[in-house]
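Consider the two complexes below, in which subunit A is the common component and subunit B and subunit C are the respective partners.
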Partner chain A sequence: MLMAVKNQARCTFLAIKYGIVKEMLNRVSFITNITFMILNNASMLIQWIVLYSLKDNIGGYTFKEIMLLWGLAASTYGFSHAFFYSSFKLSDTINKGKLDAFIVQPKNVLLNAITTHVSSSAFGDLIFGYLMVFIYGFSFKLFFLFTFFTITGGLIIVAFAIILGSLAFFMDSSELIADNGNNLIVHFATYPDGIFKGFVKLILFTIVPVGIANYIPLQVLINFDIVKFLIVLSLTIFFISLACLIFKLGLKKYSSTNLMSARI
Partner chain B sequence: MTAIKVENLSKTFKVKVKDKGLKGSIKSIFKPKYKEIKAVKDISFEVEKGEIIAFIGPNGAGKSTTIKMLTGILFADEGNVEVLGISPNKERKKLAYEIGTVFGQKEQLWMHLTPYDNFKFFGAIYDIPNSVAEKRIENLKMLFELEEFMDTPVRNLSLGQRIRCEIVASLIHEPKVLFLDEPTIGLDPVVKENIRALIKRMNKELKTTIFLTSHDVGDIEKLCKRVIIINHGRIVLDDSMEHLKYNYLNKKIIEVKMKEKVNLEDEPGITILKDKGYNLKIEVDTKDKNVADVIKLLDPDKIIDINISNIPLENIISDIYKNEEK
Partner chain C sequence: MRKYFYIFKSNLIANLQYVSNIMIGFITYFVIIFIFTNLWEYIYSNPDKLINGYGLEQMIWYVIVTEILWYATGGRKLCNKISNDVKSGNIAYNMNKPYSYIGYSLSSHMSEAILRGVLYTIAGMVMGLVLLGPIKDFNLISIPFVLISSLLAVLINILLVICIGLTAFWVEDSGPFYWIYSKVILVFGTMFPIEYFPGIIKIILNYSPVYVTTYGPAKLFIDFSFESCLSILVAQIIYLILSVLLASFIYRKGVRQLNVNGG
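Moving on, here comes the complex of A and B:
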């Protein structure tokens, strides 16, 4: 069992490594993508500077805390897209029969299928996230917690993408639903939860799990709370398990295709 | 020893259908209609260890669906499949260590990596220690003559070189059964010939069981000793290559160049395929007329040149498909 986990980890590591190698083939494009993503994220903060010049507190957060929120939103997005970019293309992978290559290999189909591509610009998001930590006020505790929540939040985003992508097993033309759902979680992550009330807030903590990926972790980063920390950890495990289960059920319905395809 | 055992295997796909035009599209949103396509209907066969078998049929016959059920890609609706005694759906990972697959239409290699890096990656996929993987890569590199382009990214290789690399990648874990789904698709005749020679050598040296689907009659004729023909999801023929030729090669093609014109119309057992005055191409049904009689009819003194050949296997197979459809 331990050996199997070790071997799977070796494959996943190699797949991600080769994905990064591919992105780095064009050095200029790699560096430009990262730099522009950092600038792009920074430009988004301008609207908040304007808003905070009018008001000291929005949705219960100060400007510094909003910067941390943006940092976490960027780093969770960056983590998920940097290492598991293919999970956001899962519908396409399923619809075009590209899972065949992974099914005939003696490894975890899902993990192999979601680690074939790397997004270079997502590294820019990750860097931006940590820049925000330094601006907010660096401490080892904050750094550790931020890294921890970057991983849990990133994994929740990936799990959500897998659930949406797996719809392709059960229905036609599900790509649009998956794309919209994935955009939804990213957009909501950049607003403070205090501005949402009632039903919308309920949705954001359940169906679109941005609350678990970003809102609760942000509260823990600002004021550490062990209960909330454990809730995030438990719900991350829950969402990953749910995504794996739905994918596994869907795999039984996989119909493949004979479309010409290449692993590019 | 049985390598592949298939019993009463069936697979049905549910496909959405819609009426023509925009109206049909709108209607299908509110009231979707589906039809069932029975891709594979109750097929059974066995393949012995070390055998090279051709599994052929026209487009949409059910070849790829069957191969995908044998490799664990698709779940069967009914029936039982065992490859080396392992159920592809129940023990997918266990089976994957024992089989190799090459899908001519789908590439498994990473395009931006060199063949060497790809093979190393496949070595990791199959948990092969680095030192063992290196040795195998070295052996396969010699066997498949890959030295020249081992350090060239796959995307820069020719199609033939790429297919050779695909086959090597599927052999890195020394599979006992190799599934080849149209491995020579799109290749030129010289490369096809090379690939066939390599497959034959692999079967001989490594005793690999080979399950081959192809539309190329050359692949079948030159590689396989047994043929299974599938059409409309059913097996229409399961016979040795020798029997297939013996039973269906009762027709001969005679191409002849004559000194004088000759009239063979209305002769029983003879069909004129081409008549260009002194050059004649005829098909002789040896059940009705033997070749010697035809030569007598032509008059040997008037023959300048003659060529007698078998009917191409391609025509035999297409006749079998057509008869099945009737």
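Moving on, here comes the complex of A and C:
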């Protein structure tokens, strides 16, 4: 059992490594993508500079705390897209019968299917997130907590993408629904939870798990709370398990397609 | 001109088959408007308060209009298409046809933009009326001017995106340049009117694409006056001419760099 896990981990690590090597074939493009993504994220801070010139406190957060929120939103997005980019293309993989190539391999189908590609620009998001930690005020505790929540948040985003992507097993035209659903997380994650009320807030902590990926972690980063820390950890495990279960159920319905294509 | 109209028409007919796909995109649009409604309601703790000359309703309507223009343009898709045409060598198939590549890209994308614009306008107006009700002192005379200004705004935006896409002749991926362009338009144009920015930035923005692609039509919609209408339309016509010239210049320079291998 332990050997199988070790083998799978090695296989996943190699898939990601070769994905990165492939992206780095054109170094200029790779570096441009990362640099421009950092600038792209930084430009959004102008919005908050303007807003904070109108009010000192927005949604219960100061300007520095909002920068940390942006940093966490960018790093969770970056982590999920840098290492599990294919999870956001899962609908396409299923609809076009590309899953065949993974089913015949003696390794975990889901893990193999979601680690085939990496996104170079997502490394820019990751770097931007850590830059925000330095601007907020670096400490080792903050650094480790931020890294921990980057991983948990990133995995929640990946789990959400797998759930939406797996809709392709059960219905046609699920690609647009998955794209829109994945966009929801990005849009909500970059605004403070304090501006939302009632039912919407409930949705953000349940069906669209932005609250668990970003809002609660931000509260823990500002004021450490072991209970909230454990809630995030257990809900991350729950969402990953749910995503694996839905994918497994869907896989039983998978019947490939007659589309012929070369996998390069 | 007739051939471009036929390209426009045939693409419009093709796009009409995918209306439901466009409508699924309303989800993201509604979410953005919803977030901004919450944000501005939080900032305008007193709904009657004016900030930089704008009230709460005007600010939300401003975002509704600018987001319609943004979604109608669909710049990312166009930029990717042009960039991929250049990268894959597909552009070679368009070069030997009896039309200009820029004219072809503009007319084919314009059909999609107009269809999306109409659908998003309906969605945006319904959402605005349900959430906020009509704008106080709305001037019905402004409607034709807002429509003309919006059409010009989308045209200019598409031409500028074509210019960015054509940079793929020199750099492999023009995507990063589009990110920066889109963020400039989003941050300075769709979220706040130009009046929200201080001194020198305000002056620069008055001469930038932000003024003609987003601020202009939205300003006419929420706060119409014939003086501002005249200055916005004149600025848009100047920008339209300049962006056509710029796109032609970049294309002519870039096409000399092209080296397509067979395969």
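In this text, the second predicted complex is superposed on the first by the 263 of 264 C-alpha atoms of A that agree within 3 Å, B and C clash if a C-alpha of one lies under 4 Å from a C-alpha of the other, contacts with A are read in each partner's own complex, and residues count from 1 in each chain.
By definition in this document, contacts are C-beta pairs under 8 Å (C-beta built on N, C-alpha and C of every residue); 3 or more make two chains touch, one makes a residue touch a chain.
Remember, predicted model here, so these are calculated numbers, not experimental data.
Taking subunit A as the common reference, can subunit B and subunit C both be placed on it without clashing, or not? Answer clash or fit.
Overlaying the two structures gives subunit B and subunit C room side by side.
Quick one: classify A:Y191 as touching subunit B (first), subunit C (second), both or neither.
second
In the superposed arrangement, which partner chain does A:V104 touch: subunit B (first), subunit C (second), both, or neither?
Only subunit B; A:V104 stays clear of subunit C.
Using the superposition on chain A described above, determine whether A:N180 touches subunit B (first), subunit C (second), both, or neither.
In the superposition, A:N180 contacts subunit C only.
After superposition on the shared chain, which partner residues are touched by A:L51: those of subunit B (first), subunit C (second), both, or neither?
second
Would you sort A:T62 into first (subunit B), second (subunit C), both or neither based on which partner it touches?
In the superposed model, A:T62 contacts neither subunit B nor subunit C.
Output check: A:L39 vs subunit B and subunit C. Expected answer is one of first, second, both, neither. What do you get?
Only subunit C; A:L39 stays clear of subunit B.
Could you state the shortest Cα distance, in Å, between subunit B and subunit C after the structures are superposed?
7
If I apply the document's touch criterion, which positions on subunit A are contacted by subunit B in one structure and by subunit C in the other?
Dual-contact residues (subunit A): none.
Which part of subunit C faces subunit A closely enough to touch in the complex?
20-21, 24-25, 27-28, 31-32, 34-35, 38-39, 41-43, 51, 171-173, 175-177, 179-180, 183-184, 187-188, 191-192, 196-197
Which stretch or stretches of subunit A touch subunit C in the complex?
Contact set of subunit A toward subunit C: 26, 28-29, 32-33, 35-37, 39-40, 43-44, 46-47, 50-51, 54-55, 58-59, 121, 173, 176-177, 180, 183-184, 187-188, 191, 194-197, 200.
How about subunit B: which of its residues touch subunit A in the complex?
Where subunit B meets subunit A, its residues are 13, 16, 64, 68, 71-75, 92-94, 96-97, 99, 101, 103, 105-113, 117, 121, 124-127, 155.
Which stretch or stretches of subunit A touch subunit B in the complex?
7, 10-11, 14-15, 18, 21-22, 25, 97-101, 103-107, 172, 252, 254-256, 258-264
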